[in-house]
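For clarity, chains are labelled A, B, C and D in written order, and residue numbers in each chain start from 1.
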Amino acid sequence: MSETATGVELLGLGDDALIASQRLAEWVSRAPTLEEDVALANIALDQLGAARMLLAAVGDEDELAYRRDDHGFRNCLLAELPLGPGRGDLDFGWTMSWLLMLSAAQLLRYTDLAAGSDEQAAAIGAKAVKESTYHLDHATQWMLRLGGGTEESHRRVQQGLDGLWPYGHELTEGIRDRWLAIVEPVLAEAGLTRPADRWRPDGGRAGRHTEHLSYLLAEMQSLHRAHPGAQW
Amino acid sequence: MSETATGVELLGLGDDALIASQRLAEWVSRAPTLEEDVALANIALDQLGAARMLLAAVGDEDELAYRRDDHGFRNCLLAELPLGPGRGDLDFGWTMSWLLMLSAAQLLRYTDLAAGSDEQAAAIGAKAVKESTYHLDHATQWMLRLGGGTEESHRRVQQGLDGLWPYGHELTEGIRDRWLAIVEPVLAEAGLTRPADRWRPDGGRAGRHTEHLSYLLAEMQSLHRAHPGAQW
Amino acid sequence: LDGEASFEAVIAADQKIEPRDAMPDAYRAGLIRQIAQHAHSEIIGMQPEGNWISRAPSLRRKAILLAKVQDEAGHGLYLYAAAETLGVSRAELDTALLTGRQKYSSIFNYPTLSWADVGAIGWLVDGAAIVNQVPLCRCSYGPYARAMIRVCKEESFHQRQGYQSLYVLAQGTPEQRAMAQDAVDRWWYPSLAMFGPPDADSTHSAQSMAWKVKRFSNDELRQRFVDMCVPQAEILGVTLPDPDLKWNEERGHYDYTSPDFEELMRVVKGDGPCNRQRLAHRNRAHEEGAWVREAAAAYAEKNRKVKA
Amino acid sequence: LDGEASFEAVIAADQKIEPRDAMPDAYRAGLIRQIAQHAHSEIIGMQPEGNWISRAPSLRRKAILLAKVQDEAGHGLYLYAAAETLGVSRAELDTALLTGRQKYSSIFNYPTLSWADVGAIGWLVDGAAIVNQVPLCRCSYGPYARAMIRVCKEESFHQRQGYQSLYVLAQGTPEQRAMAQDAVDRWWYPSLAMFGPPDADSTHSAQSMAWKVKRFSNDELRQRFVDMCVPQAEILGVTLPDPDLKWNEERGHYDYTSPDFEELMRVVKGDGPCNRQRLAHRNRAHEEGAWVREAAAAYAEKNRKVKA
C-alpha cells in the first residue's frame, strides 16, 4: 500500500459503499416514481460495485461482507443510519440529504484516491469518481426540488438534513472545508438552512457503531451464515 | 404421544406461541400507554413460556427455535404476519384484532390439550388455558374500546380485522364453529363488521409460509447462528 | 385508401403499424390492455425478486439481482412509453394498476420463499416470458415490437443468470440442493400457467392472431416451453414435479400434466397467496411518494414561470 | 405544632412524611424532580435493553430479558404513582419527559452494541442503581421509600441475572469472552458516572441530606460501588478498564480513576451517543399511540354517560 491509500482507508471506503448500497436498496420498488426507482437502484449498484473493488483490494469480498460482526466494520456512522427518522423508515427527504452528504464526501475521497501513487487504488478511484459525480448531481437536483417545491417538501428535507448533519463530522474528517465548499452552496440554492455544528458523533471508523448496524447485518448476513462454507 | 396430542400438534402450537411472542415483543417500549406496555410484554412472556414448554415436549427448545429455516416451522400464517398493514409496521388496531383471533384459538386448543390423555401435554394445556383466558379478555376489552371509541379507532380496528380475517381459516381448522362462537359476539358488541369468508390462505402447518417469516427468523436467529455451538 | 383498408394492407404485408397510422378501435384497445398488463407485470415483478436483494448470499449475486430488478423497472418504463403512443396517459395506466382494474401477470402473486426462488424465477418464469415474448418482437405494432426486442434481449440474459444461479445450488450442499428442488416444485406449474388458459377456453386469441399481435396459441407456446425445460432440468439435476412428463415419439413433443387452471383463475381473480400484499405494497409506495411528486411538479412550475 | 415544626419533628424522629403531611415547598419540588427523573429513567431504560429481546441467543435468556424490561415498565408505574402523591399529574410528568424538560439517567444514552451489554448493564448499571437506591428505601418520604423497597428487591434479582449472564460469556468461547470484555470496557466509566458529579461540585446534596432524602454523598456511594465490583470482576475473569485501580490499605478502599465528568456533562446536556434517538423513540411511541388513548377515553366517556 502506498502512503496515500492505506488498507485502513480502503476498508473504510469499501464499508461505506457496501452499507450505503444495502440502505439504498431498501428503496427498490418503493420509490416515489418509476424513474426514481431506476435511479436509486442504479446508485445502489454503483455503490455495490465500488464496495466490491475496494474490499477485494484488501481481502476476500464475501468474507469481509458476510463474516464480520458489526464491530469489525469500519464504515462511518452516516452510512448505516436508517433513511428516515427511525428504524425501518424510508423518507425521501432524509434519503436525498443523506445522499448529498455521502456522495460529496465520496467524490472527494475517490478523487484523492485517483491521484495517489497506488495504481490499483488509483484505478478504483478514477472509476468511482465518475459515479460519485452522478450521485452528487442526482442528490443536488432533488435538494433543489424538495427545498424549493412545497412547504411540506421543504419541511421534510430540512428535517432530514438536521437529523443527519451531525454525522457529517465523522464523514468528512480531513476534508471538511472542501466538503462544505460543495454542500453549502447546494443548501443555499435550495433555500435550506445549513444546520449548526454542535454534536459530533463518531466511532464508526474504530468499529463502534450505532444500534442500527447490527440489525442491518443480521438481515444481510442471514442466508450466508445459515450455510457455512457453501458456494453461491 | 396420545391420540389427542401428537408431536405434530404440539410443535404447531409451540411454533404459534414462539412466533407470536416474537411479534408481540416488537411492542416493547412502543405501546400507547405504559400500562399497555406492561400488558403486552406480559402476554409476550406468556406466549414464550408456553412455547418453551411445548417445544421442550417435542425436542430441544433452542435447537428448534434457532436452527430451523422457515420451512421447518409449523406455525399458522397468522402468527407470523406483521402487526400492521406492511412489513415493519406496528398498528394497535391490527394487533388487537390479531390477538383476539389468536388467543380465542389458543384457548380452544389448550382446553383440548388439557382434556387429553397425554399427561405432560395436559399439564401444559392446563397452565396455558389460564393465560389464554386473560389474553382473550385483554383483546376483547380493547376491541370494545376501539370499535366503540372514535371514528378513527373504529376504522383502524376494522381495517386490521379485514386484513387478518382470511388467515383465521387456517388458524381454526377443526375448531371453527367453537371459535366463531367466541369471536363473533365480541365483534357484534364492538359494533364491528364480521368480514366475509372468501380467501383462505394456508400452508403454515406444512412449512409453506409467507415472505414475512424468514425476515423474522433472520433477526431472531442472527446472534445464535453467528456463534455455532456456544452456550448462553 | 381509407384508414381501414390501409391498416389491413400493412398487416397483410407484414409491415408495422405506427402510432399515427389509422387502426381499428379494438386493435388499439387490445394493444393498450396487453402492453399495460405487460408493463404492470414488470413493476409488480420487482417485489418478489426484490425480496431477496438484502439477503443475497454473495456480493456478486447481490449485484446481479439488483441489476435485474433495475432492468425490470426499465422495462416497465419502455412499455409504458409504448402504451402511451396509443393515446393513453401514464397517470391512467398507474391508476388502472393501483385500483386493480388492469391485471398483471399472476405469477407474481406467488411468494419468494427462499434464495433458490430467485434462480427458479430466472430459469422458469423468465424462460416462459421469453417464449411468450419472442414472437411479440414481430408484432404488428411498431413501438411494442421494438420495445420487445430490447426487453427480450435483457430477459435472455436474466434467464441465463437465473439458470446458472440455480445450477450452482443444484450442485451444492444437500441443503442447497433441497432448496433448489423445492423452488422448482413450487414454480413449475405457475410457470406453465403463464401461457394462459388452454386454447379451447381462450378468448382474445383469434382476433389477436389475425392482427398479428399474437402469433402462436397458448398451448403451442406452453408445449414449446415444456420441450425447452426438460433437457435443461436434466442438466441441472432437478426433477420437474410431474410424474407423467415423458417424451411422445409420435408427437415429437413431451407429454405433460396441465397446470391447475382453476387455481389460475382463483389467482387471476385476486385470491393468490400474495395478490393483496403486492397491490398494497404498490399503493403504499404510490401514496408515500405523493409529496415528492407534488414537490417536483411545484418546483418545475415555479421554474417555468421564472423562465417565461 | 405548625406545619414546618411538625415536618422537622418527623424528620428528626426518622419517621415518614406522608402525602397529606405539611412539607416545605422545596422538599416537595425536590422530591418530585427526583422521583420523576427516576421514573423517566425506568421508561427510557427499556429501550437499550429492549434492543436485544428480538435477538436473545436462547429462549431462556429471551424470557429473562423480556421479564426484566417488563419490570422496568412496572417500576416506572410505581414511581409515577409515588410522584403523583406529591400533587403532580401523570400528564405533566409525561410532557416533562417528552419535551426534555426533565432528565432521565444519562446512562441510557449509551448504545447497547452486543448481547454482552445486556449482562454488563445488569451487573454494572443495575449494580450502581442498587447502591444508589438502597439508601432511598429509608428516605423520609413514605411513598417513595416504599416504592424503592419493591424496586430494589427486583433490581437485585436483575443484577444477579445480569452477572450470571455475563459470567457465562466470560467463561465461553473466545468470541464470547471478547464480547464480555468489550462490554465491560464500554460500561465501566458510564456506570461510575451514574453517582453524579464529585461531592465538591454537587449542588442539591446538602439540603437533601438534611431532609433525609439522600443519605450518602456521591463519592461515598461511588467508592462503595467500586469496592463491590472489583472482587466480582475477578470472579468473572474480566478486567476493569482502569490501570490505576488498586487496593489502598490505608484507606481500606480501592483507589480508582474518576470518570470523565466533562463527558458526563456533555451527555446530560443532550450530546451523548443516543440522547436524540431515545427521546425521538419515546415521542414517536407517544404520538402513534394518541389515537388509541383518545379512543379509550371516548369509550369510557360514552359508558359513563350510559350509566349515568
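Just so it is clear, a residue touches a chain if its C-beta (ideal position, glycine included) is under 8 Å from a C-beta of that chain, and two chains touch if they have at least 3 such contacts.
Here the structure is a predicted model, which is why all the values come from computation and not from measurement.
Comparing the chain pairs B-C and B-D, the larger number of C-beta pairs in contact belongs to B-D. Centroid to centroid, with C-alpha atoms defining each point, chain B and chain C lie 37 Å apart. If you average the Cα atoms of chain A and of chain C, the two centres end up 33 Å apart. Chain C and chain D have Cα centroids separated by 58 Å. Along chain D, residues 55, 281, 284 each make contact with two or more other chains.
Multi-chain contact residues of chain A (touching two or more other chains) are listed as 69, 214, 218-219, 222-223.
Per the contact rule defined earlier, chains pair up in contact as A-B, A-C, A-D, B-C, B-D. Partner chain A is touched in their complex by these residues of chain D: 48, 51, 55, 111-114, 182, 270-271, 273-274, 276-277, 280-281, 284.
Taken together, the chain B residues at the contact with chain C in this complex read 69-71, 85-86, 163, 198-199, 201, 203, 208-211, 214, 218. For chain B in complex with chain A, the residues that touch the partner chain are 69, 88, 214-215, 217-219, 221-223, 225-226, 228. For chain B in complex with chain D, the residues that touch the partner chain are 18, 22, 25-26, 28-38, 41-42, 44-45, 48-49, 51-52, 55, 61-62, 65-66, 90, 92, 144-146, 148-150, 152-153, 156, 219-220, 222-224, 227, 229-232.
Chain C contributes residues 43, 46-47, 50, 53-63, 66-67, 69-70, 73-74, 76-77, 80, 115, 165, 168-169, 172-173, 175-176, 281-282, 284-285, 288-300, 302 to its touches with chain A in the complex.
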